[in-house]
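Take a look at the following structure, please.
The first chain written gets the first letter, and so on, giving A, B, C and D; residue counts start at 1 in each chain.
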Amino acid sequence: MSGSTFGNCFKITTWGESHGAGVGVVIDGCPAGLSLCEEDVQIYLDRRKPGQSKFATPRKESDTVSILSGVFEGKTTGTPISMMIANENQRSKDYSEIASLYRPGHADYTFDQKYGFRDYRGGGRSSARETAARVAAGAVAAKLLEGFGIRFTTYVKSIGHVSIDPERFDASMIAQNALNMPDALAAQKAQEHLEKCMKKRNSCGGVIECVITGVPAGIGEPVFDKLDACLAKAIFSIGAVKGFEIGSGFEAASSTGLENNDAFFYAKDGRVQKETNHAGGILGGISDGTDIILRAAFKPTPSIGAPQKTVNKNGETINIQIKGRHDPVIVPRAVVVVECMAALTIADLALANMGAKYGSLQDFYL
Amino acid sequence: MSGSTFGNCFKITTWGESHGAGVGVVIDGCPAGLSLCEEDVQIYLDRRKPGQSKFATPRKESDTVSILSGVFEGKTTGTPISMMIANENQRSKDYSEIASLYRPGHADYTFDQKYGFRDYRGGGRSSARETAARVAAGAVAAKLLEGFGIRFTTYVKSIGHVSIDPERFDASMIAQNALNMPDALAAQKAQEHLEKCMKKRNSCGGVIECVITGVPAGIGEPVFDKLDACLAKAIFSIGAVKGFEIGSGFEAASSTGLENNDAFFYAKDGRVQKETNHAGGILGGISDGTDIILRAAFKPTPSIGAPQKTVNKNGETINIQIKGRHDPVIVPRAVVVVECMAALTIADLALANMGAKYGSLQDFYL
Amino acid sequence: MSGSTFGNCFKITTWGESHGAGVGVVIDGCPAGLSLCEEDVQIYLDRRKPGQSKFATPRKESDTVSILSGVFEGKTTGTPISMMIANENQRSKDYSEIASLYRPGHADYTFDQKYGFRDYRGGGRSSARETAARVAAGAVAAKLLEGFGIRFTTYVKSIGHVSIDPERFDASMIAQNALNMPDALAAQKAQEHLEKCMKKRNSCGGVIECVITGVPAGIGEPVFDKLDACLAKAIFSIGAVKGFEIGSGFEAASSTGLENNDAFFYAKDGRVQKETNHAGGILGGISDGTDIILRAAFKPTPSIGAPQKTVNKNGETINIQIKGRHDPVIVPRAVVVVECMAALTIADLALANMGAKYGSLQDFYL
Amino acid sequence: MSGSTFGNCFKITTWGESHGAGVGVVIDGCPAGLSLCEEDVQIYLDRRKPGQSKFATPRKESDTVSILSGVFEGKTTGTPISMMIANENQRSKDYSEIASLYRPGHADYTFDQKYGFRDYRGGGRSSARETAARVAAGAVAAKLLEGFGIRFTTYVKSIGHVSIDPERFDASMIAQNALNMPDALAAQKAQEHLEKCMKKRNSCGGVIECVITGVPAGIGEPVFDKLDACLAKAIFSIGAVKGFEIGSGFEAASSTGLENNDAFFYAKDGRVQKETNHAGGILGGISDGTDIILRAAFKPTPSIGAPQKTVNKNGETINIQIKGRHDPVIVPRAVVVVECMAALTIADLALANMGAKYGSLQDFYL
């Protein structure tokens, strides 16, 4: 069976491993006539690139994308867009010792159990490097959505126990600090926390929040392909995610109907609005025209330099210290991955929604 | 587009509305030769049935399932299993007034925006009644999984701010109280909390937890169809879910790698075990052979009798009090729905996993 | 795995066996707002109904359809349309003797090989009765397509060696004779041929042709989901089909480029036209705006009363004479099945095509 | 929507145009542990390569495949296998004049209608060059099937009116003549016929036949995903195919049940056999254990040097003579494409079939 394809209408298939020739993606179903060039994609990849701060792996990868098909004279043609990001900095020797053991918190053991063996170099297919291909595809989805007014604001909400203060929220700060936090003070505290972690050769988790504005009402399919269900799958398919929320999320579970229901009212422009947005912009699995708000909890990077207990394939329980160049915290680099998975989900369901009304079909064909 | 199908190998398609002829499901891809009768399914439906306590809607529905195809001489034939649960207790008059207004927290507005109109009787397709069809299908999935040792323990973890105490956890209590809580004292406190809510014609949310034992290592596909990602979608497709976690969930985000990594060791029987299970039984999207643990946060029932502000279709902002027979809390009845969606997900991925190794294919055909 | 679902956007799932409770279909993805009632579907089912001439099985089935969901106040709601046709005339005793043997030309042997056993009553799931569910779904697809000018003319082109004469083609004759041939003289000759077959307790094959007018240019997806490829699968999924052609079909293989290419020209109304239509209305897998022409070859009904050699499950090679009520020729009743499968294919691809241009997406959402 | 993906279990996605960077394919779902190297794929691509006889385009392309992912230490890893074939011989100038006109028999007009514009260089995505990616994927499928005894014999059955004589059938001749015919005399006559065509700057069609041995009984899913239906779609998705048959094909339509039914008998080894094989190895959409026989009718190459009438985009009806390097007959090079599409279909359904019996699932997991 296969699991490397996401989406039905705007369908992507990723490929590639940490230490192979590269990683790549094929987008099938992107509408024809969208302006697209490599620079549009590169700016998203640059947000994910390693080596940009002391809180990210010092590996150097230029992560340069090539568009191999599907674009002609600066526009998408409607046929598959194939993109590739070559691997440059492959130090296989770093990984040779992990061939025979199972790192805690990694997929080494489960890949061996599933497939009988694994490409052990740098995590192979389960490496976070795989997300570069998602980001390339997500950049195209985001460009498509931008064309009808949908925009994303994504940031780190917390690192360890350090959370942003909503009162100090400043979106312009997100790109101004190494941790992509929209609160300068929280970013400062989080950096201090991370430095302590790094001294102990330990790592740290965090929460990413994404706010999507401009999504028209009506996107999402009832029952199994609800917008929130599809977002949940999209975000949970990112390696280190352990929790996902829409709107009030887990807080809704301890609130009452009176508190949690969002009252509708007519705004002066005649549009239906809500007084609050506990729903996070989704009712019955369908967008309601207000901001979509989602959060993802990321576990700490499992690769840590501190000593750990584990097993090898010879039947021995052993102690290890993982070497190599790892991110002490994954969330700053994962911000753009969350944004891209959200964009891919909404692009897919926005296309699916075009056939919801018979009248639209008649308008299209008559 | 469509959204009423779930799964690729063990594929289900549900249909039906709150006040139509009934709700139903077609299972396509159930292997041939599984013993199955209506009673196997009915026991699951009975766990979801309304009218069983004062904390559930007093509507009376027998929710009797009929198997219409796919079973011959007591065994599944490998062809589609069609099941139907007729609607009995349709009091359309209860719902006539909601035709022209949008209830807060419901899908009335979004269905109208998406489709141009809606079946307004009892929520139509967005009614929780739709989940009866999922439960019927899930009962078959659970029976199939039981045949190779997979079992589910699902319960209410919290209602409002009342949570179970892990030290008082007693699985035998789950079926002993109206709230399906595995802690008699917490159940008592939660009932008191609910009674207060009901007096105020208010409602309440809660958290459901599901522990799945016996899942062999290797189930789940890398990248987009990770076991946790598929579970996230499955559970988030249940109407009132606003949050989802695996293992440590959101707590992982504030922990460190040293705390969160689960150390492997060899048990006396030679099997690989983990000292802890923060991962919730899944590494890299693939089951690791230990218990799978998931949680879902449910929002409070949006239908409440207390006065609320909303809009009608005539452009007026109005006040309403929702009449009718509603659950003051949805989680006790949703326990079996969560369990069934988890079973459907695992059955689907267990079938998908059969082709993971070339050797298995050769064993099958040679 | 599953095989009872067809289509991606206009998706149908059929269920049911010859001698179970009935056969049915769930349509998911039908746009909202299409006028639909049971009579719309019944007129298609009546074209397929047995017992209407001496050239069809004398079994009496009213084949009355019930719409169980997805229609409200006379219009489709956008949610699944579930339809059921109850089985009435189940004479299981007719079939009891075939439980232990494999009828030549039937699926008895292959079902046993695949699933380990089979529902042997009347062919079970492999019975032609399954096509009633397709016809119910196809009636809805045809109604949808009619709304933007697409129409179907489907008929028997030949029975045995008796073919219609294109010069005597008269569409108004199709419904006037028991064999659905658009040529009264050919119909007469074919009836004589069939009567001879029936005297010998033998059966006969034939060819069905379908001409689809009004299909706009642009429908069909390049590469694997070409319109002709999807039609090929749709038609070949009907039990007895052994050959399929588009346009010139096999004749194209013995012609030259000069003969087979259709010259384009501008018609007086400024539209692009073709001087001929060897392509059958499809170029590069995409409709070109001219008539779509397809043909399907049906094998003779395998159930014949004449003595045949076969095997039973006890390891014996035996002689049998099949009893029961069988169609001496399947093609007249299969005409509406071919038409419905073609309609389902085009409805599905017409919906898929709505997102082909980025401008359409912007028009829809801006 | 998308159309560049084929298969559910053994799923392939192709990309690339005639004059872009190259063509490629991602295989997702190939089981882990299959020995695979580039040479395994290259031998299939070499069978399709242009420039090998005077009956094929003289374009020189080495068509060298690179495996970019999914293979580690000589074995497939179970993760996506990405392969690319770079374009080398791109003479865009040859095609510049076709930008503004619609070649008869080509997809120029329909692509413009569907997408608003097209990559006009060498047919863009609708070029036969796209089939190189299918062949690369098909080589992997064929290698997989070889491992449990499935083998393909594929050849040209006829070119124009020149057909092979079954009595002179000699499989060893297929690779011995430029036309891939298993009958030396027919090959000689066909070459003479083709030379006449070429002198007139005309082209010619033909028929390809494929015989698949060793397919175990049980492959194929009932109803819509019948083995023959899936093969029909697979083969009809090749650009120039206009007709498809299984077993007796169109001849079955003029035969009787007595003639067409294949009598079962027990062979001396106790296996069920058939006296004839009019069914072409498939009953009820499921393989019956005997040879699968299929045929595809290919239209003549539409690109011909002789003068033709057509239209340009300025509203003019014009005369053209197509220049450039084209195949006077496509069938010899298409032999391997047919074989590969058949292999992809059977590999996909062979994987799907592993879950047909509940007992198999228990064997796998217990």
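The criterion applied here is as follows: contacts are C-beta pairs under 8 Å (C-beta built on N, C-alpha and C of every residue); 3 or more make two chains touch, one makes a residue touch a chain.
This is a predicted model, so every value here is computed, not measured.
Steps from chain B to chain C, minimised over paths through touching chains, total 1. Using the average of C-alpha coordinates as each chain's centre, C ends up farthest from chain A. Distance between chain centres (mean CA atoms), chain A to chain B: 26 Å. Centre-to-centre separation of chain B and chain D, using mean CA positions: 45 Å.
In chain C, the positions touching at least two other chains are 1-5, 8-9, 14, 29, 32-33, 78-79, 114-116, 125, 222, 351-352, 355-357, 359. Residues 1-6, 8-9, 14, 102, 104-107, 109-111, 113-116, 125-126, 130, 158, 160-161, 197, 200, 202-207, 217-226, 228-237, 239, 241-250, 252-266, 270, 272, 275, 278-280, 282-289, 297-304, 306, 308-311, 315-317, 352-353, 355-357, 359 of chain C are the ones that touch chain D when the two sit in their complex.
On the side of chain D, the complex with chain A involves touching residues 1-5, 9-11, 13-17, 20-24, 26, 28-29, 32-33, 66, 68-70, 72, 75, 77-82, 84, 114-119, 124-125, 351.
Residues 8-9, 29, 31-34, 76, 78-79, 144, 147-149, 216, 222, 350-352, 354-362, 364-366 of chain D are the ones that touch chain B when the two sit in their complex.
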